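Pasting the structures here.
Next, two complexes with chain A in common: one pairs it with chain B, the other with chain C.
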Partner chain A sequence: MTDETQPRTDGGTATALPGDSHDDGSHLPPRWSIKRWLITTNHKDVGILYIVTAMFFLVFGGMLALLIRAQMWAPRAPGEGILSAMAYNQAVSLHGLIMVFWFLSPIATGFGNYIVPLQIGAEDLAFPRLNALSYWLYLASGLMVFASFFQGSTFAGGWTLYAPLNIPAFMPSIGATTTVFAIVTFCASVTVGGVNFITTIHRMRAPGLTMRSLPLFTWSWLLTVWMMLLAFAALLAACMILLSDRLLGTTYFAMTTDGGSVLWTHLFWFFGHPEVYIVFFPALGAMAEIFQTFSGNRIVGRKWFIVSMVLVALQSFIVWMHHMFLTSINLEVKTLFMATTIGISLPFDLMVFALIYTLIKGRIRWDTPMLYAFGALVLFIVGGITGVFLGAVVLDYEFRGTYWVVAHFHYVMVSGATALIGALFYWFPKITGKTYNEFLGKVSFAVFFTGFNLLYFPMFLAWGTPRRVFAYRPEYLVWHRIASVGAVILGISFLLIIYNLTKSLISGDDAAANPWPYSTTAEWAVSSPPPLENFPGTPSYASGALEFLGSDDDGSGAAAATDGGHATEHEEVHVDHASVWPFVTGVFSFVTVIGLSGLQVGSYPAGLEGLFYQATSVVGVVGLISAISAMGYENFTAHEGGFGETWPFGGVENTKMGMWVFLASDVVLFGAFIGASIFLRVAYGWTNWHPVPHNPIPGLVNTYLLLSSSFSVILALVAAKKHSRKGIVASLVITFVLGLGFLVNKGIEWLELFHEGVWLDSGVRASTYFLTTGLHMGHVIAGLLITAYLIWRAWNGAYSEGSGETLEYFGLYWHFVDIVWLFLFPLFYIV
Partner chain B sequence: MIPDAIAASVLQSGLIPRGTRVQVFSEIYWVFLGLGTLVGAVVIGYMLKNAYKYSDRGGADEKERPKLGEMPTGGGKGKKLFLSLSLSAIIVISLIAWTYGTLLFVEGQTGDQGVDVEVEGYQFGWNFHYLNDDGEYSGVNTTGTLRVPVDTQVNLQITSDDVFHNFGIPALSVKGDAIPGETTETWFKATEAKNYTAHCYELCGQGHSYMEAGVIVMEEEAYNDWYAEQRASAENDSAGNIAAAGV
Partner chain C sequence: MARTKLYTGIYVALFVIATMQVGIEQIGLLEESYVLALALITAFSVIKAVIVAGYFQHLVWEPRSLTYVMMLGFVGFLALTVAASYSIQ
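Now for the complex of A and B:
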């Protein structure tokens, strides 16, 4: 039984098919070519790009941390120390932002990219080009952060970006705008990535691999991307509103807007608390994999571990106000959020115990990955216990804004980083095909663990120090000194890690397909590194264990013949692995943002500088639209998958599912915008607030226009079923004309208001009206651009001869836009 | 109201820490610290013990180990898992519930008695507006120094004139957000007549590190003298202003 059902892991079989010969077929240059890395859409390449880039940002964020610790070497009088007050505030803010957004999440995304498709038996992600686009948007957003340091000053208000310090009245530098833009771009990257991973994991699993039997790392990553999709939409809304305040002069967060500051804290923490778990979950999943492999035990209570993760992911959206116990929220709300906060700690207790009990009766091997994973769990326990202190509201009252919080969340977040470094060592042989230096790896862990505790533990002892200051009471001097020494030691450990891995990459021994005894997941069943199409045949768990079915025997799979060399070559559908457009889109996103960052409260700077920003904006926007259009027009075939469909995703094509998932994030985006309007209206006084447009009739007309346009999209679908080219074109033209009518009507209304002197900056009523309906109008404009494209394609017979699926996907989007209007119309025109 | 009745009886039981903020904070903090250290030591100790005990030293292995390519499974020890979970849940929930009583006490203290002061943060300092018994401005204002009487409850109404600040006096365990357009209420009671320092606990711009205020706790009599003097000069000022304006 064993030999036949066991996958053939003797590397040789798998390596026979890959790589070079196949690369020609897919137009993908070899790995040593720079061009390959610019055009690749393969999930493994993109994963490597993510990991390497994230390591660069780790170094960048780490340098800022060392600057902070240098400044903290002694309590400083004004002007003393290596940093000025503003430079210190910038270092503090960007250290946090970079570590959270540009290191922790992306390095996990790197593993998600590389490992998850292998674990679930998918040849690639559902939308390979969107995956590359996620990466290039991420890199572009990171480069925006770099650039922001050279535009006067970068953001200097803390990673929480509290209002109203974040608006131009208090932080006028162009670099601050660029930083907010960078976050918006990062949100876009995350949303695109989330849609991709959710579709892939729900739809493209190997046959027989049910949701229940997904490996734990894949489970953790699936929940991470779900949380990302919904939480980052809230951050996107917050930062879009902030950008509107900064660029256009709306007054959401202005000092004089009632409720503006508190609105920011709600929007930010609605994102911010799930973000903690977004950062920690992949680390938890990696810990679970490493604990199982290196103890030689299957995880204890696997089912309950998964249930706990799901519970945490759900609960993460109802704890955000525990960051706001000292604002003016009332006792009832505090009590509620205190209860949910305790509630979310309990599933974590279970997971920690499950990991610990997995050690029992194991044969634990203390290779570097296990040292890091084990160390991470120890640190996480300390972080968890000190978090309970903060859950007690009376204690939180005193700890708020102090080093207790700093120490606590570093124990949690950096323990996540510790586990991810373990993951880096764990998967290094798989990703590179090389073996790292074990001795140096263990040394690096010893240095890391020492440095970590020297750095963060004294912060508990010096907890009376306020956060983000460099003047502190002299009695804390010794603790801050020890912390600074620890920071240097921790920094050295990262140099050791990077040296070890780089050296091993160049001159390490070749790694076996499966270097770790007792590993179980599918990535170890293929060569190191895996071939371009991942598997020597179609992976399947239908028989109860992994086997690779040759495509010759029609998937009947009698013998697990891993005759993969033929399998991929005989593949009938040609699958693409390269596109330059994601890269080009990333480049022009960067250019666009640099250009638009010059805009402040409706005007560009004077003189040559303003000219530069204006020209850059125009070049960027034109390039961006062209690049996205080119990507849409490009022919690109991806793997469809569709083996592991389960309710409710059965029979739903990838693109349709992707559209639904995207709309889910759009619901949160609009929800946040509408919620912000309602929140500000309540603070303003509900009944004193009158709709901005004097006359609801144009709005009512627009409601009818949009509803009829939804109907005409349905007519187009019906025509497509009847293969009537004329019918499709006619219905789409009607849709376009109705949509255009909506825009013209809206334009007239806005123009009238403008002439009356009512514009974006005329107070909070006007701000919410223009911005929220403006966001909707942006969606309408995007819809009309797509309609124009569809009309052109339909004219050439695209949907009358083939299937009308594209029309259906567009229809989903268009109906959604109409439904949103049904909420906006009463809210902004009638009540 | 039944919950109120329960709350009241729990509050009177003597189980719940009461007193000044410094007293309740330190009492709860030390209990948490003691229990937290104990739990941490037990859990991490247990981890280390098993890590040592089950380290791979070669030798015969009678247990069936995971195989590459198997369907992920795992289970067993469910009872033990839930026992541990229940234990930790009991500790955490009872601890938090215990502090909740104190929270009710602390939150119930604002209002009727003592001295009322409006604290207003600005970049980068603090204004203090003293309120009279009706909660209206008394005309007594100070900048940079808060003077309060000893052994008297001081009620703070904290707000901001510009950005988001946070007013806190660490030695008196009192803290509150200073949000523009909003007021947050808190209170403290100093038991010693000495000087303290208040800090800003929310990053508010360039001068954040040095955004402090002096807090001078005075003997009741000295405070009353000082306050009366301030009142008098404030009245003179406003009278003078009115005269100067020619009203």
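Now for the complex of A and C:
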């Protein structure tokens, strides 16, 4: 591994760019205008929105933590202290949920947004409007969490939302439903973002920027979004099933369902363990970047560091049952998962040693980012070692559900946060164009590190305290007091950080393009902050180092304009940077969820309250469909991929690739639904379980209908190739009619079952049948709405004159819906 | 369009396989030998899915990486379903 394989920028020589003349004819208002932030689709703007919003949720989650520590100041009986028992349960649950979902992942997403396109030499993400949509869905989901506090009570059953505590019988409040909805909305945001980043990082890298030479932060973020794509689909499935139990009355997680509560733990932790790395990987990547810059040394064993990250990402999906050693799963499987858990710690050891050796070999400059990154490594090592105890079945019997667990995962998670705060200081000059106060930064670290250890280390010593309750043995008093004092000190350090950065933003010195000697990644080769289109020319690593080719040399043609405003001069493609529809979609998602949250086991509350919820539901759904349609109809030109490195997706156009990546997540979503049905059937006794429909023939007819509709979509494509408008319209109309026939047939079948008294809550057999085929039906309905839109567009000649790509991509989705049915049909009608 | 013929042939084949799945149930194989019938029906579903993905979604003519992406999701489903079901045996 010589230095040549590592792309090096030319260390900040390309600083001649104006930093803030952003109003270059792209219809994007200046930065001081609020309107800009509502309509922007630029990755840097969206990144800033993510970071600022995440900091806001950090403060929110932190306040809940302080409430918890206040309650823990002394051992208490229910009713004592500042929080009631239920208020305490809410504080504990929402502190966890907010920190994990609404702070840690989003702040990393902010850096991913801002930094990754710069590092790979892309001018924006593949789908800028979807990027904005991810953000607005994230914000909407966060506001749902706020709202949930005012709807009776928010969720109070712990951040793991364990069954059967999560069902209406035990957690009846509307606010609890809204919390679950908020997670569902967040899952949607993450999925949209995952599709976007995966497409971007694979297909929009500058020439010469191969996977091997990809900067480590980008590597970590790429693996993060891959894990997100698949893991969050499982969480989405879990929460959708939970919502079905809460809103419609299915009985998946009911006390009476065999295996119901174990099913929840399987679904949740299949997501939950990868989630640990989803949270930690961006921190790890930032740590690696900071270590390299401030030691002036390339990371030791770079290739093996990357290999280790890939291994961990894969292995993270086969260790989840180490969270279930105290459930009724059998000993064989526990042993197996203990082994895989030991297995996943090995690549981590390698990474930690690589980081340590990098520091030993280099000459370290202890600037604020480095202090935080180094602190993060120390804390992570403590967190990792104490986690080994929990990975061993026998020890876990002792430690499960105690403050040992609480201390351990805070050392891991908050060490991730520590590295991300380091990243915040590291990239602050780049993002804002201002220099932060170094002295205050160092002071904040000293306070942070002290507060952190005072807060969490005593929890190891008071480990006999059961988690999630505020009663404990008197001998732990001193440890809990120290922890509470530590919490206040840690809180003060955050105030210092926020004060430092805010003050510097307003009155700090201007930052150079590259304030850090020895930085190597491309974001430091452009001005601080970078111009709207990022680069002064087309970035290329083809010569081995980063160069910006002038627009005259740019003969590739695949890349769109780099200087948006002067399109007429060079006859380059105009690229859009603004759309209001992602914002509108976010607004109506919020409205829809607030409306639907009123639904409880099949009915709305009585009186005015019910009327409010019903009206809100209708307004929300109509608005949501309209906003998404408007976004689909809007003309929006984005940068195309394929101008540089595209491994391993060369020749697959961006939108097509996005569709396939989305379908992969949909495989996991349906997979989790089908897996849940199979699991419950196994728990019930496989052969005692008979199909709910009496007769497989209507199901067979539906199979014929769907297969035929798939075939007619193929015919539409064939017609598009022949430029036959009539052919396209006719084929699509046939598709629509066949799909409608499927729904009518299904409707008749359901109505008959309802007449016989078989309802969604008639036991677990009926629940799985109705919900799984219902999810599929939802996909069919969505497909028919798109088909109707396509028919209208085809009628106006959209696909006969232009290209038939849209039809092709719709076909991919429709055939997928067909494939799913090919499995649902035998499972729910025959065997 | 030479492929139209191919697509039509595939469409017919899918029709036939779906019918055979119900046929297995109708001739009473599920009662006679449940495991064999289950295996056959599952195998038929997998074959149909592979054909639709390969030809209707034309994965056979795309870079293999797209197939691997889909396999990734499918393997995730298998891991979850098999391991979870085994865990309560």
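What to note about this one:
To be clear about the criterion, the second predicted complex is superposed on the first by the 784 of 831 C-alpha atoms of A that agree within 3 Å, B and C clash if a C-alpha of one lies under 4 Å from a C-alpha of the other, contacts with A are read in each partner's own complex, and residues count from 1 in each chain.
Everything below uses one rule, namely that a residue touches a chain if its C-beta (ideal position, glycine included) is under 8 Å from a C-beta of that chain, and two chains touch if they have at least 3 such contacts.
Small disclaimer: the values here were computed from a predicted structure and weren't measured.
Judged by the touch definition given at the top, the superposed model places A:I299 against chain B, while chain C stays out of reach.
Contacts of A:F612 after superposition on the shared chain: neither chain B nor chain C is touched. Once the two complexes are laid over each other on the shared chain, residue contacts for A:L707 go to chain C alone; chain B is not touched.
Of the two partner chains placed by the overlay, only chain B lies in contact with A:D349; chain C stays clear of it.
By the document's definition of touching, both partners, chain B and chain C, reach A:S328. Contact with chain C, but none with chain B, is seen for A:D818 once the two complexes are overlaid on the shared chain.
More residues of chain A lie in contact with B than with the other chain of the pair chain B and chain C. Of the two partner chains placed by superposition, only chain B is touched by A:I360; chain C is not. Contact with neither chain B nor chain C is seen for A:F409 once the two complexes are overlaid on the shared chain. In the superposition on chain A, A:V262 makes contact with both chain B and chain C.
Shared contact residues on chain A (touching chain B in one structure, chain C in the other): 259, 262, 328, 683. Taken together, the chain A residues at the contact with chain B in this complex read 5-7, 9, 76, 78, 85-86, 88-89, 92-93, 156-158, 162-165, 170-171, 208-209, 213-216, 255-262, 292, 295-305, 326-328, 331, 334-335, 338, 342, 345-346, 349-350, 352-354, 356-357, 359-366, 374, 377-378, 381-382, 385-386, 388-389, 391-395, 397-398, 400-402, 464, 466-471, 514, 517-522, 524-525, 541, 544-547, 683.
Against chain A, in their complex, chain C makes its touches with residues 1, 3-4, 7-8, 11, 14-15, 18-19, 21-22, 24-25, 30, 34, 37-38, 41-42, 44-45, 48-49, 52-53, 56-57, 62-63, 65-66, 69-70, 72-74, 76-81, 83-89.
Those residues of chain B lying in contact with chain A across their complex are 24-25, 28-29, 32, 36, 39-40, 43-44, 46-47, 50-51, 54-56, 61, 63, 65-78, 80-82, 84-85, 88-89, 92-93, 95-96, 99-100, 102-104, 106-107, 123, 162-164, 166, 168, 170, 173, 175-177, 179-186, 199-210.
Residue ranges of chain A in contact with chain C, taken from their complex: 230, 233-234, 259, 262-263, 266-267, 270, 317-318, 321, 324, 328-330, 333, 648-652, 657, 660-661, 663-668, 670-672, 674-675, 678-679, 682-683, 687, 696-697, 700, 703-704, 707-708, 710-711, 713-715, 718, 721-722, 811-812, 815-816, 818-819, 822-823, 825-826, 830-831.
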